[in-house]
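Each of the next two complexes has chain A plus one more chain, namely chain B in the first and chain C in the second.
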Partner chain A sequence: MSDKNTYQVPIGPIHPAFKEPFMVNFVLDGETIVDAEAHPGMNHRGVEFMGMHRNPLKVIPLAERICGICSIVHQHMFTTATEHAAGIEPTERARYIRTILAELERIHSHVLWAGVAAHEIGFDTHLHFTWKVRERVMDLLEYITGNRVNYAMWTIGGVNRDITKKMYPKIEDTLLYYESLYGKLEDIFLGDTSIRLRTRNVGILTEEDALRLCGVGPTVRASGVRKDVRIDQPYAAYGDLDLDYVIPSSFGYENTGDVFSKTLVRLKEIPQSIDLIRQCVDGMPDGDIDSEPRKAVLINKLKKADGEGIGRIEAPRGEAFHYVRLEGGMEEVANWKVRASTYNNLTTYRPMFMGEQIADIPIIAACIDPCIGCMDRAEVVDVRSGERKHFSHEELHRLSVEKTKMLLGGLP
Partner chain B sequence: MPTSTVFTLIRQLVTKKATNKFPVTYAPDNMHAAAAEIQKGRLKINPPVELPPNFRGKLAYDVDACIGCKICLKVCPSEALVFKPEEKKIKHYVSRCTFCSQCVDVCPKDCLKMSDEFLIAGLDKYGKDMVLNP
Partner chain C sequence: MNFEEWTLRLLVILVLPFIGIFLGLAYKGFDRKISAMMQSRIGPPLRQPFRDVKKLFMKENIIPDHAVAWVFHGAPLFALIAPLVALAYLPLGPFEPVMEGYGDLILILYLLAIPAVAMAMGGLASGSPYATVGAQRELVLMMSYEFPLAIAAVTIAWKYESFSLAAISQTPVWSMVGPMGALGLLLIALGLFAVLPGELSKVPFDQAEAETELGGGLFVEYSGRNLGVFYLAEAVKMVVVGALLIALLFPHNISQWYSFGGPELLGVSVLGTVADVLFFLFKLLIIIYAGVSLVRVALARFQIDKASYFYWVPMTLLGLLGTVLVVMEGVI
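Showing the complex of A and B:
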C-alpha cells in the first residue's frame, strides 16, 4: 500500500484470468474490515431467456449447463418443476436413481470444496490430494451416466438410463474407498493445528444472523440452524430414507458458525451421503425408469399442459429453487426462473467479514462455497484516508498464504 | 527414517495411479517432432484411459435407415441436427452437439447411435468429419 499512483487496468469482471465474475467492495480501517458490500450480477448469460424459446425437453441439457459442479441439481430442479406444472409423476425407480446421483454429486462437490478451502489458506498439497481422490466419484458418475460432467440423465417423468445390478459392485467399491479415506480427510481438515488456526473463530455467522438473512445449506447448518430441504420437504426418494440434520452439536462440537464449523458440516455430510446411497441401492424398487418412454407423446402432453410448478432441491451448497410456468397450446416453456443457493448465501458475507483481516478474505469468501467463485476483484476503501485500492485475486491469495506462514512461526 | 511419509512414498511406487499416464515417459524437447515420430510409428505413446461402457461420443448416423420423421429435431437442444427436405434425411453438425443422447433415445428406427469416438477436436468446424451427411 504505497502512496505512489497505480495504474488500474480494467480486467474483468469477465476475463479468462478470473475464475468467475464477481465483485465485493470492502471498507477498511487499517487491516480490519469495517464494511463489505457484494455486487453480484456480472455473470448474466440470459439462460432463462434462452430456455423460454425451447420446449421443456430441450431445456434440460441447457439447465444442467447453468453450473458445472451442480449440473445434476439444476436438471433435477427443472424436471421437478416441470413435472409439478404438467402433473406428471416420476416413477418410483427413477426417484431412487435420481437420489443416488444427487448424493454422488454431493460427495464430489464437498471434496472439491475442501480442496479449494485448503488452497485459499495456502495448503496446495491438500488441494492436489482432495482433487485426486475426487476423480474416483467422477469416474463412477461417468460409468453410470456416460459422461463426466454433463450427465444428461434426467427427463420429464424419470431418467434416461438405468442403474443395473451390474453397476452395484462398482458403486460399492467407490463408497468403500471414500469410507476408508474419510479418516484421513478428517485428520487433515479438523485435526491439523495450522488449519485450525486459520479457520477457528474466523468468519463467524451467528444463529440469529443466519435466520435473519435467510442463508441456506451448510453455511447456516454450521451455525446450528436446522434447515435441510431433504428433510423439511422431501423430494425424490428422500421421504423413504433415514437421514438427520448435520449440525456441529450432533458430533460434540459447538455450533459456532465459523469457517471450521462449515468445514465440519461439509465433511460430515460425506459419510451421510455414502449411507444414503447404500440405503437407495438396498431399497431400489423394480419397474420402469421412465413414466413415458415415447418422447414425441411426452412433448405433446407438455404442449397441452397448463399450470405452474416449483422445484426445491437441497444442492450441495444449500437450497436452490426453480419456477416453471407452462401454457396450454404452447410448446415452449412460458416462464422459467432460477434461484441458486449462492444468491441467498451472499447476504451472509457482511456479518462474516466484519472485523476480520484482509488476509482472511479468501477463506471467508470460499466458506459459503460460492458458485460465482472466490473473489475475482475486490475494491478496498481506507476509512482514514479515503483511498481506494484494487486487490486482485492473486494478491489476496498471497496475503492469505503469508498469514498462514506467520501463524506457523515461519518467515512472514 | 521410517516415517509415515516414507511409507506413503514406497506405497505410491507400487499402487495403481488414480489418473491417466502421460502420453510419453519424458517430455519431448520438440512437440512437433514428437508428433511426426508418432505418425511414422517410431514413437509409442500410452493409450488414453479406458472408456466406460455407456460412453457418449460422436454421433453415428445410418443414412439408409432414416425415414425422415423429424422427431430428433424436436429434442435436440443445440440445433445440431438440420433437416434436408429434398433428401428427407438429416444433417448433423458435430461441433454443435452437446452429447445428450436424446435423439438416440427418441429415434424410432434406431438409425442414430452414440459411438466411442471422442477425438473430435479440430480447427475447421465444417471440416470433413465434422458434418455427418453433408
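Showing the complex of A and C:
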C-alpha cells in the first residue's frame, strides 16, 4: 500500500475517537480509507499477574476493576470460572440476583454507548440526553448494591447482598421509566435524519465476515448472526427465562450489519433486558443468597480445590471469557486468563473501515463498543532487546503446530 | 473631507476592534450558555470566553518542529485582522460604515474569505497529518459555501443597483419587492442562514476541527497565544457575519418607526440611538441563536462530501430560485 497517492494517519494511542489508549494505523487516499491496521497493547496493566498473587476472594474486586462499565461482567465470569474449578454451586436465589444485576448493567451499558455514538458523530445534544437518563439505572444499582460502579456484589458461590421484597417497587419504577423513555430513544437514534445519514450503510460487516472473523455480541447480531451465550449456553438464571436472539430481521429491518443495525440491536436489547428483569423478579426463588457465608471456611475450601474452570457470559458487548486454574494447597489463583469481547470484535474493524471516510472512523470505531481496558491483556516484549513484537496469524499457527509436534515427539 | 471628520474616523477605527472583540466574546458566551441549557447542562458562565482568552494568552506558545514558523505564526494574525477590518466597512445598528465610500459588499465577502484561508494555511504549515486533513476540509467547505453566499449578496445588490452597504441598509430590501420577490428573498434568507454555521465552522459544518475525528483538526498543533488569537478571530467573525446578515436582510431601526425626543447630539436623538444600538444587539442575538446555537444542538456533523453537496446543490438551487423570483418580478 505504498502508493504515492496514499498517506498514513495514525489514530491513537491517544485520540478523541478512542476513549482509551488504542491505536489504528490508517492508510488514506484523500478522505477515503484504503487500509487499516489495529495496534492493541497500549493499555496493558498486568491485572492477571496481580490476580495470580492473591486468593480468589480478593481477586473478585480486582476483576471488577478491569473495566468500569462492564464490572459486573468480569466479576461474574471470574466467580463462575472459580466455582467451576472448585466444584462449588451458587444458590438458586443468587443466580436470579446475578441475572437481574447483569441485565441492569446491560441497560446502563447500551444507554451509555448510544450517547458515545452520538458524540462521535458530533451530536452532543444526545450525548447529554442519554447520559442524563442513564443516571436512573445507576441510582437503582447503587440502591441495590451500595455502589454506582464496581458493585462488589459477587462472591464465590453466591452474592453478598440480597434483593428483598422491599426493593421491588423501586426496581419496577426504574423499569417503567425506561419503558416510557424507550420510544424517545428509538425516535432519536432510528428516526432522526441526520443520524441516519451518518449510520446507514456505514461500516458494513457482512454475515460472512462476521462468522469468519469470530465477532461476538451486538456487533455480529446486527449482521444477522444468531449468537448469544445467554441462549446458546445458559448460565446464571437464563436457562429458566424466556428470551430470543435480537437481530434486526426480527423487527422488520434488514440484517445489513451497518452502524444503524448495530444501534438497532443495542436499542432493542433494552426492552429485552427490562422483560428479563421482570421475569427474574416474578420467579425469584426463596433461599440463601450464599452457599457458604463463612469466608474463612470458603477460602480454606478454595485452597484445597484443584482444577480448571471457565466462565463464559454474554457481556453487553458480546461473549467474554475467563479461565481459572486452582492448585491444591495453594491459596493464590494458579492461573487466570481474561478474554473480553472487544478482543474478538477488533478483527471486524478492517472490513468495516475499508472504503469509508475519515469522518466515519470515530463512529465505526465506536460501533463495536470497544473496551480497551478489558481487552489489553498480553503483549510480546523481548526482554533482552526491549523489542516489541506482533505475531501474525501464520506465525502463531506455525508456533502452535511446532509445539504440538514437540509434545508428540516427546511422548513415549 | 475635512480634518475633524478624519480624526473622528481614526478614533472610531481605533476603538472598533475592541468593541468587536468584546461583542464577539460576549455572544460566544451566550451561545455556549444557551446551547448548554438546550442540552440539559448547566453550562459555563457568560464570561467564560473572556477567561478562556486570558488563560490562553498566559500559556506557552508551542511551535512544532516540522512547522513553517512564519506561516504558523502569521495565520492567526491574518485570521483576526481580516474580520476586524471588515467591521469598519459594515453598518452597525444606526451607524453607517466608518469607511463608507472606500469599500463595499464585495470587499467584505473577500475579507470574510481570508480567515478560512488563513486557518487552512496555518493548518498546512503546522506539519501534522490531522491539521492537513482539516485544512483540506476547510478549503473544500469554503469553496462550497461561498457560492450560495455570493448568489445571495449579488441578488440583493442587484435590487439596489449598488454594492454599497450603506445604501442597502438605508432601505430594508423587503420594502422594495412585491409578494413574489418577497418569496424569492425568503429563499435567499434561508440560504444565508444555512451559510452561517459553515462560515463559522460550527456543527454540522465543523468538519475542519471535528474533535472526535481529527482531534481539533486545523488547530491540533496550536496552543497558547496563537490559539487565543484564533479564538478571538472566531468570535469577531461571528459578529461580522451576523452584522452582514442584518445589513442585508434586517437593517430596520426602531427610530424609523418611533421618533424619540430628548436631548440631541450631532443632530440625532441620543435616546433613539441608544434604542437602535440595543435593537441591533438584540437582532444579532436572535441571528446567532437561530443560525448557530439552535442548529448546532439539533444536528450531527455531516461528512465532508455531504456538507459540500448540501451547499452546492440544494442551497445553490434555492439561492438561484430566489434570484429568479426577485428578477422576474422586476421584469413583469
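By definition in this document, the second predicted complex is superposed on the first by the 353 of 412 C-alpha atoms of A that agree within 3 Å, B and C clash if a C-alpha of one lies under 4 Å from a C-alpha of the other, contacts with A are read in each partner's own complex, and residues count from 1 in each chain.
One rule holds for everything that comes next: contacts are C-beta pairs under 8 Å (C-beta built on N, C-alpha and C of every residue); 3 or more make two chains touch, one makes a residue touch a chain.
Predicted model, so just to flag it, every value in this text is computed and none were measured.
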Inset, instruction - Please indicate which partner A:Glu332 is in contact with in the superposed arrangement: first for chain B, second for chain C, both, or neither. - result: neither
Inset, instruction - May I ask you to decide whether A:Lys132 touches chain B, chain C, both, or neither, giving the answer as first, second, both or neither? - result: both
Inset, instruction - Kindly classify A:Ile121 by the partners it touches after superposition: chain B alone (first), chain C alone (second), both, or neither? - result: second
Inset, instruction - Scan A:Ile299 for contacts with chain B and chain C and give back first, second, both or neither. - result: first
Inset, instruction - With the two complexes superposed on chain A, say which partner A:Leu62 touches: chain B (first), chain C (second), both, or neither. - result: first
Legend entry - Which superposed partner A:Arg54 touches (first chain B, second chain C, both, neither): first
Inset, instruction - Could you tell me if A:Glu142 is touching chain B, chain C, both of them or neither one (first, second, both, neither)? - result: first
Inset, instruction - In the overlay, answer first, second, both or neither for which of chain B and chain C A:Asn160 touches. - result: first
Inset, instruction - Overlap the chain B and chain C contact sets on chain A and report the shared residues. - result: 132
Legend entry - Contact footprint of chain B on chain A as seen in their complex: 54-55, 57-62, 65, 132-133, 135-136, 139, 142-147, 150, 152, 155, 160-161, 295-296, 299
Inset, instruction - Give every residue of chain C touching chain A within the complex, in rising order. - result: 38-41, 129-130, 133, 136, 203-204, 206-207, 210-215, 297-306
Legend entry - chain C partner contacts - residues on chain A that touch it in the complex: 7-10, 15-17, 30-31, 118-125, 128-129, 132, 192, 194-195, 197-198, 357-362
Legend entry - Contact set on chain B toward chain A in their complex: 18-19, 52-56, 71, 74-78, 98-102, 105-106, 114
